[in-house]
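One chain, chain A, appears in both complexes that follow, with chain B as partner in the first and chain C in the second.
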Partner chain A sequence: MSVTEYDVIILGAGVAGLTAGAFLAGRGFKVALVTSGEPTACLSTGCIDVCSRNNNPLAGIKALPAEHPFHLVPEKTIRESLDNFQAVMTYMGIPYTGAAEENRLVLSALGTFKTSCLVPSTMKAVPQDTKDSIHIITFAGLKDFYPSYILSRRKNAKFSVYDAGVSSTMGIASHFEEKEFLESFIDWLKGQNIVEDKIAFPAVLGLESADEIVQTIAAHIGKPVFEIPTIPPSMPGRRLFNALKDYFRKKGGDIYWEWPVIGVEKSGKIIEAVMTASTGRPNSINGKAFILATGSFVGGGLTAGRDSITENIFNLPVHSPGPRETWFENDYFSFNHGIGRAGIKVDSSLRPAESPWENIFVCGGILADTEILKNGCGHGLALATAHMAAQSCMEHIR
Partner chain B sequence: MNFEHCIRCTICVENCPVMRVNPDFPGPKQAGPDAQRFRSDREKAEDEWVLLCSQCKRCEMACPCGVEPARIILKAQQRYGLEHTHSLAHLLFANNYYLSALGSLTAPIANRFAATKIGKKIFAALRISTYIPFPKFRFRKLSWNKRTPNRRSRKVAFFYGCFINFYRPDIGKKIIQLLKSFNVDVVLPPQWCCGLPALGNGNLQLARNFALKNTASLSNYIDAGYDILYSCTSCGLCLLHDYQDIMDIPKAKKIAENTYDLHEYILKLVDDNYIKPQFQEVRRKLAYHIPCHLRALGIGYPAAKLMSMIPGLECEIIDDNCCGLSGSYGFKKSNEAAAIQIGNRAVARIKKTGAAAIVADCGSCRMQLGGISGLATLDPAEVLSEALGITLTKKK
Partner chain C sequence: MIKTDVIIIGGGATGCGIARDLALRGIPHCLIEKGDFAAGATGACHGLLHSGGRYVVTDPIAAKECYDENLILRMIGEKCVEQTGGLFVRLPGDSKRFRELFLRGCEDVGIPTEVISSTKALDLVPNLNPELEEAIKVPDCSIDPFRLCMLNIRTSQLRDGIIFTRHKVTEIVQSHGRCIGIKATDQATGEIREIRGNIIVNATGAWANMIASLAGCEVPMTLSKGSLVITNHRLTNMVINRLRPPSDGDIIVPNEAVCLAGTTSLAVENPDKIGIESTEVDTIISEAGRMIPHFNHTRIIRAFSGVRPLLKSKKMDAHEISRGFQIIDHGNGMYSIAGGKLTTFRLMAEKMVDAIMASFKLKRACETAEIPLDGQEELSGYPLSKRLTDMKDIVCECELVSRKEVERIINQTGTRNVGDIQHRTRLGMGPCQGGFCTFRALGIMNDMSVISPEQSMDMLRGFLQRRFRGIRYALWGDQLREEQLVEYIYLGILAMEKPQ
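Presenting the complex of A and B:
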């Protein structure tokens, strides 16, 4: 058996896991991150929703129900986590726009608005009302992006289609990273003689230099340019993941891809190691503390059976909203499905409540009572609780 | 995991290097789990596009649901290979081991011939691309000095693989010296091609033949108390994963349990306090291109950890790009355009680091990235050797 020793083992490679990992690695701890695949953050819009129920996210948080895990994080820590995120993203070359006190609007592919707090700079120029006229550029063969949906909701919108030679999201984004492609595209765009106020694109403007590409197009055409998030594959989500991942590694963290955890070694009230599946020797990875950031159902942290919900790594007690009939409302599109409250209950230091373990700290979407869909608080909660969990973890080790 | 576990999230699609550049390849989701439900044992395979998959396995690493698109596609490739006649290029690359043995034996002539106009015309007629130079055969192959093993030292049998053996025996020699300097006894067991080129070119039977011979040989060494070491990450992946998963080789589990990546093994020696390497300062900035098959091995990046112990060395890890060559994939005319485009992207990312040289564990990644970028390429073992002051004594 291969055995490796670390100070902290992070379980899960999403926004919460990578943020907690970079926080600790940046303070000199030996950190390993273990994941059984890429996170759902890759599928997200890349926007950091903190609390979308109020124009002021911080005021929105205060109005959340008493059991919401946001209340476990002091406002100072929430602010720090957002400031730190913006600094990291600027450093990594994908800057974010926004402030903790005011939400922004992002135009969706259906022409509706989505409310978020921090948004990629490529969505900075999104009109915040319906007054500005927009011209949408889409790409021949690109699936699941139909400007007509937007046109039906915005009177002052038009669209044009460009043939990029490839039709997949990744393929087009990859082409935009090439200088010659970008130049010939800009020539074509100039020929369109666009009269509308702003130019909108599905979010396919590059893999890693999107900010630069958006600015280049805007400078050549002389009009503000912005991206509209698409359904997956989602470039802004992938850029977010790649930047957080590279930053974690820059801080000295190790990542173990495709390490599904199959067992845990424990002694008394302490988790000593996690074991992971492998074709060859089983791997065992030791740590003084463990940060559980595996996400909820889609992320793979929780599994729902017919009548019960289980946590997949430590088999922690899961807070269930009630018997199965309370899990789902009749309306599929409802924000009030009971299942949104399932997760791990924690104490004030984010240790799992009602369980003996002293060195597990929980953060992100796996927490109980988040109701992420209803409250619009996904990545924002992940950032805030990741900081909190990392701080508790640091105190535990010292 | 069953293909029906696919939730169609498209994370695999985001990771596919081929789909980005070749619109004819429908991507891992469609070619893998989506198409799988339409594949029937009673109908002839018509999905020729499965051959466009380069088997980088990035989709498998990314899948959050444990589905293995590359494996599903590999099986479809085998099936397609069985039912259709192979192109000559496929046939040649499947038998790369025998051709290379011949090339190596006649190195001075073979190398010169490959560079002539007629040589190039023959390559073109076989639909083999030459956008990067073919690696040069080396006449002198790998050998080692037998010595009486010290009873207390660790013993390893080195599976050096075709690339080192036929093209870069100097790297093999450095690895042997490196291990000796760590007080590890090294033997070179009888060995054949790992089988991956045959598997990748649709010849399961040939791949199994190689695998059976290797398993028999390596198994004897394991019984005699040796650990098996590989330095080529694609050989390693084949030994550890494909022997068990794809080829159903008896004893494959035993091989998998006792086989280590070279740097994983050295790191283990450090962790066990068996050695305390005294690295000298190396003032260099390197870009470490992580080969797709190192990622797929699921052992982390052990060479990166070792190189991080070298004072003065700046080494930036880049693991988002496939080099595009994927063994013999890019050498086929039908894949050339895709391979070059994927390679260009990987090189653009490397050049952003400002590094003067590229490190990669895999010989074919180095051929591709070095060929396209014009930058120097190094095996991690060469970097470690440099930091430990190991140089090869030239034999006349």
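Presenting the complex of A and C:
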């Protein structure tokens, strides 16, 4: 068995894990990030929802129930985490628009408005009301985008179909990275003689250079252009993940990709190492502190059995809403399903509560009482608690 | 107004079987169904073509009927019957006396059996509980109830039968004390259709008393709810029964890529208001897990229940009520046919049509037992080999359904209901239970202008609520994980609804 030594080991490659990792690596710590694979961030819209319950996200956070983990993070840290995120993304060429005091609207593929806080610049031109007329461009055979859903809600919308030669989200996005494709597409678009105020696209405008592509199209047509996030696979989610991952690497962090944790080594109140499966022999990765950012059920941090919910790495106690009957309400659209409150309860330094471990810090979607869908607080909570967990972790190591 | 000879109410196996029989005997008829075919107990059962073994001890007459029909259906319906064979397994602690009664019963009825050792049984079905004592092999089969209805209806369609699905009967038209017709509402448009006929057949299963009451008649029934679960995997290639008196969770049936296990038996009052309880799901899993231990850990993709339309009986336990059927002549031009089983649907239809022929004073023998079901080639599903050649425009990844196939069904049936596409293509039947592909199917219907954008939103909302009723009792493990993703897609990414 091979052994590697680190200061901090991050578990999970989502927004929370990569942010906490970059924070620590940027401050000179030796950081390893261990992940079993792609995070749920890749499935997301790429938007940073902070709190959608109030037009002012910071005010919305204040009104959240007392047990919500956002209350463990000082407002100063929340602001810093959002400012830092915007700076990082600008540096990585995927700029974001928005401010902590005001939510923005993003047009969904159903034609509804989704409330978010920081959004990719490719969604900056989204009309913030229903007044602007829009022209939607879709692509032949693209199976996850149907303009008619949007037309059902917006009477001042039209659409045209372009045949990109391929029909998958990824396929079309990679075509847009080619200069020739983009040029012939723009020629076609000019020929459409669009009269509407703005031009909307499903989010397929490039793999990494979406910002530049949106600006190029807008400049040639003379109208604002924006993207509409689609159901997974989601390009804006993937761009977000790739940028955060590359930034973490730039800061000197190591990533152990697709190395699922299969065991933990502990001594007294301290976790000493995680054992990971990999081809060949198992590896033991030693760390002074551990940041648990493995996400909720979809991310794989939690598993629901028939009778109980377990945390998959350290077997931490999981706060559960009650027996299985209480996990879901009868009304699918209720937003109050008990399962949304399941997760790890933590103390003020984000250490797991009711657990002996002194060197585990928890952040992101695995926290208890988040009710992420109801509160519209996914990636925003991940950023804020990642900063907080990283700070606690630093203090612990010192 | 439409005029015909016989009006059949109900598009389950019995109603569809009656339509086929009438068609083959040259009698004009019209079938009305309030949902899609097989919407009631027909589509909510195991899909088990009984050998009869299950009933030999408690109800030898029903057992004999089952075995005879089993032989007939295997012959006339090759493409909707999978000749899996079945095992009755005896586990440690199961009564040896029941085994003797079972074997003697099978012999009396004429059901072929073969007693095999546990080693041999494990060779046949490696996932069986290795502690089993022995197994008895019987000719059980798996049958696709929906396809069965479609194939029966095909004969009617080929011979000018008139079929209305998604039409709800709201009135039985009467004149001088006789039933002369019905009024039915088109569920999509609200339009009311009037159909006149000489005889009305009430083949509405659990709803028989409700329909009969429209004509001032009564069908005394005991409604018994049975719940089932579907696994994400096909854990056995044979039907597995527990060798003991009929009880909860004693049957496992393979069907296409999945297995169905059940059932339970609970008395209910209203067939439109049935739910599932977590305890039922747990019972089925642990009982099925006694026969096939993998059941305890395998992914359950859905739980559902159906209502058995049993004839009223003094016996308290529905497991013991006869599965036999009865034809009731209400004496006013209306007949009700109730009780029975999926396996004996053809026999039920034959007896019903015999009665109709007698009342018309016509003589023509039943041929449904000899002539193979029409349309088996084109309706024999959508073979994997074909699906793979169409890979490029796959709309449902779980069941490999292509856009072309969805468009074909829309063109062929003119349907405005996404459920009709799901039944005919298996779209949405896999692990995500339509979470991804229904959004797409409705988008395609929209593109083809069969529904308006507003309707597609309403249908998507209705579909998600219905879907949730099916999966909510099977939510743990990977299925819960998948469900959380689907919830995130609709409520998060697509912002379909806003929290209050």
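Quick note on the criterion: the second predicted complex is superposed on the first by the 397 of 398 C-alpha atoms of A that agree within 3 Å, B and C clash if a C-alpha of one lies under 4 Å from a C-alpha of the other, contacts with A are read in each partner's own complex, and residues count from 1 in each chain.
By our rule, contacts are C-beta pairs under 8 Å (C-beta built on N, C-alpha and C of every residue); 3 or more make two chains touch, one makes a residue touch a chain.
What you see is a predicted model; the values in this text were computed from it and never measured.
Engineer: Go through the superposed model and pick first if A:332 touches only chain B, second if only chain C, both, or neither.
Structural biologist: A:332 contacts chain C only, not chain B.
Engineer: If we overlay the two complexes on their shared chain A, which of chain B and chain C does A:148 touch? Say first, second, both or neither.
Structural biologist: In the superposed model, A:148 contacts chain C only, not chain B.
Engineer: Name the contact category of A:174: first (chain B only), second (chain C only), both, or neither.
Structural biologist: first
Engineer: Taking the superposition as given, does A:364 touch the first partner, chain B, the second, chain C, both, or neither?
Structural biologist: neither
Engineer: In the overlay, answer first, second, both or neither for which of chain B and chain C A:352 touches.
Structural biologist: neither
Engineer: With the two structures laid over each other on chain A, which partner does A:120 touch: chain B (first), chain C (second), both, or neither?
Structural biologist: In the superposed model, A:120 contacts neither chain B nor chain C.
Engineer: Now for A:44: first (chain B), second (chain C), both, or neither, which partner does it touch?
Structural biologist: second
Engineer: After superposition on the shared chain, which partner residues are touched by A:206: those of chain B (first), chain C (second), both, or neither?
Structural biologist: neither
Engineer: When the two structures are overlaid on chain A, which partner does A:297 contact: first (chain B), second (chain C), both, or neither?
Structural biologist: In the superposition, A:297 contacts chain C only.
Engineer: For chain A, give the residues common to its interface with chain B and its interface with chain C.
Structural biologist: 40, 43, 167, 232, 298, 300
Engineer: Residue numbers of chain A touching chain B in their complex, please.
Structural biologist: Of all residues in chain A, those touching chain B are 2-5, 36-40, 42-43, 165-171, 174, 177, 208, 232-233, 238, 242, 249, 254-260, 278-281, 283, 298-300.
Engineer: Could you pull out which chain B residues touch chain A in their complex?
Structural biologist: The contact residues of chain B facing chain A are 7, 9-11, 13-16, 19-21, 23, 27, 60-66, 240-241, 244-245, 256-257, 259, 264, 268, 271, 295-296, 298-301, 305, 317, 320, 345, 348-349.
Engineer: Could you please specify the touching residues of chain C with respect to chain A in the complex?
Structural biologist: Going by the criterion above, the answer is residues 278, 282, 285, 392-395, 403, 436, 439-440, 442-444, 446-447, 452-454, 456-457, 461, 464-465, 467-469, 472, 475-477, 480-481, 484-485, 487-489, 491-497, 499-500.
Engineer: Touching residues of chain A toward chain C in the complex: what are they?
Structural biologist: Touching chain C from chain A are residues 40, 43-45, 53, 108-110, 112-115, 141, 143-146, 148-149, 151-152, 167, 229-232, 234, 296-298, 300, 303-306, 324-325, 327-328, 330-333, 335, 337, 339, 372-374, 378.
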